[in-house]
Amino acid sequence: MVRLHIVNPNTTASMTQAIAEAARKAAAQDVIITATEPEFGPASIEGFYDGAFAVPGMLVRIAEAERSGADAHLIACFDDTGLDAARSAASAPVIGIGEAAFHLASLLGVRFSVVTTLSRSIPVIEGNLVRYGLDRRCARVRACELPVLSLEADPAAAERRIGAEIESALKEDGADCIVLGCAGMAALAERFWTQFEVPVVDGVAAGTGLATTLARLGLKTSKAGGYAAPGAKAYSGLFERFSPKR
Amino acid sequence: MVRLHIVNPNTTASMTQAIAEAARKAAAQDVIITATEPEFGPASIEGFYDGAFAVPGMLVRIAEAERSGADAHLIACFDDTGLDAARSAASAPVIGIGEAAFHLASLLGVRFSVVTTLSRSIPVIEGNLVRYGLDRRCARVRACELPVLSLEADPAAAERRIGAEIESALKEDGADCIVLGCAGMAALAERFWTQFEVPVVDGVAAGTGLATTLARLGLKTSKAGGYAAPGAKAYSGLFERFSPKR
Amino acid sequence: MVRLHIVNPNTTASMTQAIAEAARKAAAQDVIITATEPEFGPASIEGFYDGAFAVPGMLVRIAEAERSGADAHLIACFDDTGLDAARSAASAPVIGIGEAAFHLASLLGVRFSVVTTLSRSIPVIEGNLVRYGLDRRCARVRACELPVLSLEADPAAAERRIGAEIESALKEDGADCIVLGCAGMAALAERFWTQFEVPVVDGVAAGTGLATTLARLGLKTSKAGGYAAPGAKAYSGLFERFSPKR
Amino acid sequence: MVRLHIVNPNTTASMTQAIAEAARKAAAQDVIITATEPEFGPASIEGFYDGAFAVPGMLVRIAEAERSGADAHLIACFDDTGLDAARSAASAPVIGIGEAAFHLASLLGVRFSVVTTLSRSIPVIEGNLVRYGLDRRCARVRACELPVLSLEADPAAAERRIGAEIESALKEDGADCIVLGCAGMAALAERFWTQFEVPVVDGVAAGTGLATTLARLGLKTSKAGGYAAPGAKAYSGLFERFSPKR
Amino acid sequence: MVRLHIVNPNTTASMTQAIAEAARKAAAQDVIITATEPEFGPASIEGFYDGAFAVPGMLVRIAEAERSGADAHLIACFDDTGLDAARSAASAPVIGIGEAAFHLASLLGVRFSVVTTLSRSIPVIEGNLVRYGLDRRCARVRACELPVLSLEADPAAAERRIGAEIESALKEDGADCIVLGCAGMAALAERFWTQFEVPVVDGVAAGTGLATTLARLGLKTSKAGGYAAPGAKAYSGLFERFSPKR
Amino acid sequence: MVRLHIVNPNTTASMTQAIAEAARKAAAQDVIITATEPEFGPASIEGFYDGAFAVPGMLVRIAEAERSGADAHLIACFDDTGLDAARSAASAPVIGIGEAAFHLASLLGVRFSVVTTLSRSIPVIEGNLVRYGLDRRCARVRACELPVLSLEADPAAAERRIGAEIESALKEDGADCIVLGCAGMAALAERFWTQFEVPVVDGVAAGTGLATTLARLGLKTSKAGGYAAPGAKAYSGLFERFSPKR
């Protein structure tokens, strides 16, 4: 049995529910999924600024789940918001859905392209790829120019616009594999796979699988380097109650 | 239920059994593991030359397992021998235990070191890391200078020598995570983890987990690029019966 | 005249004062410096976790200074905490003292080494170097293993320990230039320069110079890509009053 | 006098003859060329799978030629099939026609493009470029989408299709030098050179020159690292007679 | 007060004057600018060959200015002609206008494109970007195909052609910042900034600011590595009087 | 028959003669070698500054040899002084002995180390390796700290000091191949090869072989990109007579 904690780093509860549903479809039978969203923060994450305000509330959820005995954590924003800080906060493994998708995609083809929401997210994603070392496996990061929350609101338009970008990626980028670059696109993966006859990787499913795998193998986050637990320290003001203790 | 085919690319059947056992320990309950080794080829793989003679026999096993309905294949040599060719041969996903270990290790720490058997394998492994893009995450590849088959023969010596290299890796390389660089080291991972208090990743377990994950998600190898199925063609002489047909 | 806003992203006001003093020494006569620290957040930043809790309070200070007409902003933590988010929040240029030091050091020598406080900060700094592209110019990031706040508390010990690392950097790393890797080391730069006869770059001075230069040239942060201003959006709970408006 | 052994790794004898002829045209007068093809293996090499089945038979030819006193070996497939294994098998230098062409092209211009046969070979070639470090010098790898053996069958069509790709490479890729990416294109190099007024490098000629140069200088393959001779070991089944002895 | 020596490495005095004027506009009030051009060398620098003949005369000017007490030197050719040699010759800091522009641009946006004069200069600039490590921050180097000296002769045509390239850079390259790639374009920066609403960095202004900053901070070129002063040595013939003495 | 022009870019005629002798030993019988040194410039090249003053005189020799019908040019300084400018000046191929040695070494082993004269030359050589893309193949550049001209003066000391560095390279760098990093070390290559049992590549021999190969194949420098012939232009003062004409 694996207790998987999925945190949606934005505060939109309906999106948390959709993510949890997608994760449950992807998970093995013995995986028990709890899904949370922060108590405070942005309703969606589009670019660096929203990301910065999403992290503290998300770290609070990671710490709570850690205390409740989670075997693994999954950060369900494609930007892998706050991933390094979350690894410092947890001893269980922590996976971001962006990195999960990149890793799995690089096992399925020679080169993948990513289709995300707004072009302002492209530098966030490209920066992550460089950090992970997987930029060499990515042909291009593309944007369909639909805001995160509109994916839920108008799914037909979303399917059309994302499909058009996938088509261009296969023709122009030399990609043989597609990564869907937003948690809100999870439901579309299978459809596109059938349509385009290439693997289409959704980060929520990929991350559910990877986090489960790490937990099942008993692997934990290393505390010997940059992910060491934060030292005891006073945090002031709004954050006083989040001060790390040892 | 996932039917996982593990191929040990060398012809040493006792090693196949040990690998299968390690994989079964690591696998979820619904994973059915079949383990094979080639009918022809080298008794162990140490360096580029042995590797080249291991691949054809291994590809035959991949093709047989594919016809028997395997949901995923795992190549159980840390050199990821013949991985690209195997991906061309299969529609199910194919994972190498080397890449599996690198990918998982890069999710657990900032930077990992690898401890393999003979130093002649170091360039093979370093070359793979560059190909995968994960060289940026690897601090150093080390050798304990024990031949592959001696790991089984003298496990106490193996433990001592590998342990000494892990110690150096943590002190000198700035690594916060260790990858064991040979299928024959699978049984030692847990012990080292306890001893050194850092994650120690064994490729057999890592690969079993990753291959299962891909299969469970229904993800398959892309046939749209470099891993397209081989075209129909005459292979002559010893290899006549392995000629690809369409 | 240039109005330079320096934000110390930790909440330790005495450190803000020391930084402001160092910056005033380094600045041209027509530079008017205002120095702030966040109203809420960690007392010092050591590693990823503290960094994440430092950013929101710091972004609030950036926004306030922007409204007060700052011509440039300087983030006075060597980790360049929240730099990308700050660039999204500002139209004036934003510089981090880490990147400032890296850029100037790369103009003075062939290869620099960095001496920072705790080794847990090494991955943060190395990650930044990769993002900026300047990892190729950096020989090594070293830690003197003194916590940030102890630099003020015991300056003699600090000088000894940092000096020992500089000596090793020049002998072992092939560095011909040194970067001091913490805002709290600003006062030591000149002494080390005299002692070791190589350029020793302090980020506070470097950042003051660079931010002033950008402001003087009328250069501003690009709003055409990843640093576009955040879209109007509801932030909830603790962060409600920080919701971006357009 | 230099005794150069050229091995065509596919089993098509007419192609061996054409390669030998091209090599003899390119060679200095004192170079004695022997050309072989494997006794068993694929009739042409298109992608990873064919490549894997071509190597063992080719290594047998390398070993035979080594015993006959070859001063250098040239692998005449643009994929540099089995190059690392061949270097382990030989003490004389071993060159692949792909790497030979890349190295010479990088001495003649700022940046080269490659025109190969089928697009399924692009990842093989790109992978090699990364391994050699010469990806930085390559603008793009292009495919004319003609199978290897059709180059001989319809040379007029080949010339037209390859010429069209060269034209695009010069216009779109910023290349100032062209590499022909298949042993079967050797005869076309001069024609294209005249037509496009840029250097057009054919791997067979380039490899003949480079292998001769190494032999003439008395340079041999290093046995101190990854190319050490294979250790004595039992190969079983079909490969029994190829077991390495010491 | 900062005494800034600007050397125009070509011998066209009218260009020196225009550069000095642009620098004075950009400089702080306490910066005293002296501008020189070599006594011997090419009238403009277009490509590697002109560059090689420009350096000795420029180094003579650097040495003279050094003796006259310059606090910093600026090389006012976008190719950063002779930059490494100039650093060896000086103890004051030396900046090239190309590198200055790259460094400042990388502080203002995510990714910049360069617009230079002739396409033959593209490899010079690309080579510099790689050396500096900033190629990762550059989307593309473009040429407007106008010779250096025609920028002065027909400014309207220059503005039109350069503007067209900027437009393409923003649309096609994903750049959010523009670098003008020739000292002769200095006067156009502000206009383009207004027109395209992205930062447009001119190297003369950038270099004036950066060189002043280094001088003000008392930072000097490292003499501990590759920029050590040249050893005493006989230079013969035309160069006899330039022999380095100690 | 190949007419090879070797230019020693320093003005020490005895070194030119030693280089010519080494080249003649390495060359095929039909290679006619002419060796020159510049009429003006430094007596030896140690670092960036000497290099800059060596280039114009060397380019004059390249141009003269070009007019005399040279089939290829070899620049006999390990720094590859003025290589790009020389390629612009010539239509015959131009090779530097540094790059020649790097390219051949990368064909013989997995990873090479370089042993040069003074440590001030290390950044010059490392910079070249990055430009060529071959830094990935180089384990380390080492200096034996003997000035160029002392190699001739005290060959026994030279042999001892260089030998010690080779020994360290093999033990500490993981190199399996050695490159001798100065034209003045040519005579020592064979001795070290015998002593250390790894390939030891001398640039003069390597360059003679490579330049001959290019000439024999009729390959010429591309004029379609950065190596286009210099445009007609007035060079003034000392350099007036070297003005390029069309």
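Annotations
We call the chains A, B, C, D, E and F, going by the order they appear; numbering starts again at 1 in every chain.
Convention: contacts are C-beta pairs under 8 Å (C-beta built on N, C-alpha and C of every residue); 3 or more make two chains touch, one makes a residue touch a chain.
Given the structure is predicted, the values throughout are model-derived calculations rather than measurements.
Its interface matching that of D-F in over half of the contact pairs by residue number, C-E stands out among C-E, A-C or E-F.
Ranking every chain by how far its Cα centroid lies from the centroid of chain B, the top place goes to E. Separating the centre of chain B from that of chain F, both taken as means of CA atoms, is a distance of 44 Å. One inter-chain figure worth recording: chain B and chain D are separated by 29 Å, centre to centre, where each centre is the mean of the chain's CA atoms. Looking at chain C, one finds that residues 110-111, 122-123, 130, 136, 174, 225-227 touch two or more other chains.
In the complex of the two chains, the chain A residues touching chain C come out as 11, 38-44, 46-53, 55-57, 59, 82, 84-85, 87-89, 119-120, 122-124, 127, 130-131, 147, 225-228, 230-231, 233-240, 242-244. The residues of chain A lying in touch with chain B in their complex are 26, 28-30, 93, 95, 99, 103-104, 106-111, 132-137, 170, 174-177, 190, 197-199, 201, 205-206, 209-210, 212-214, 216-227.
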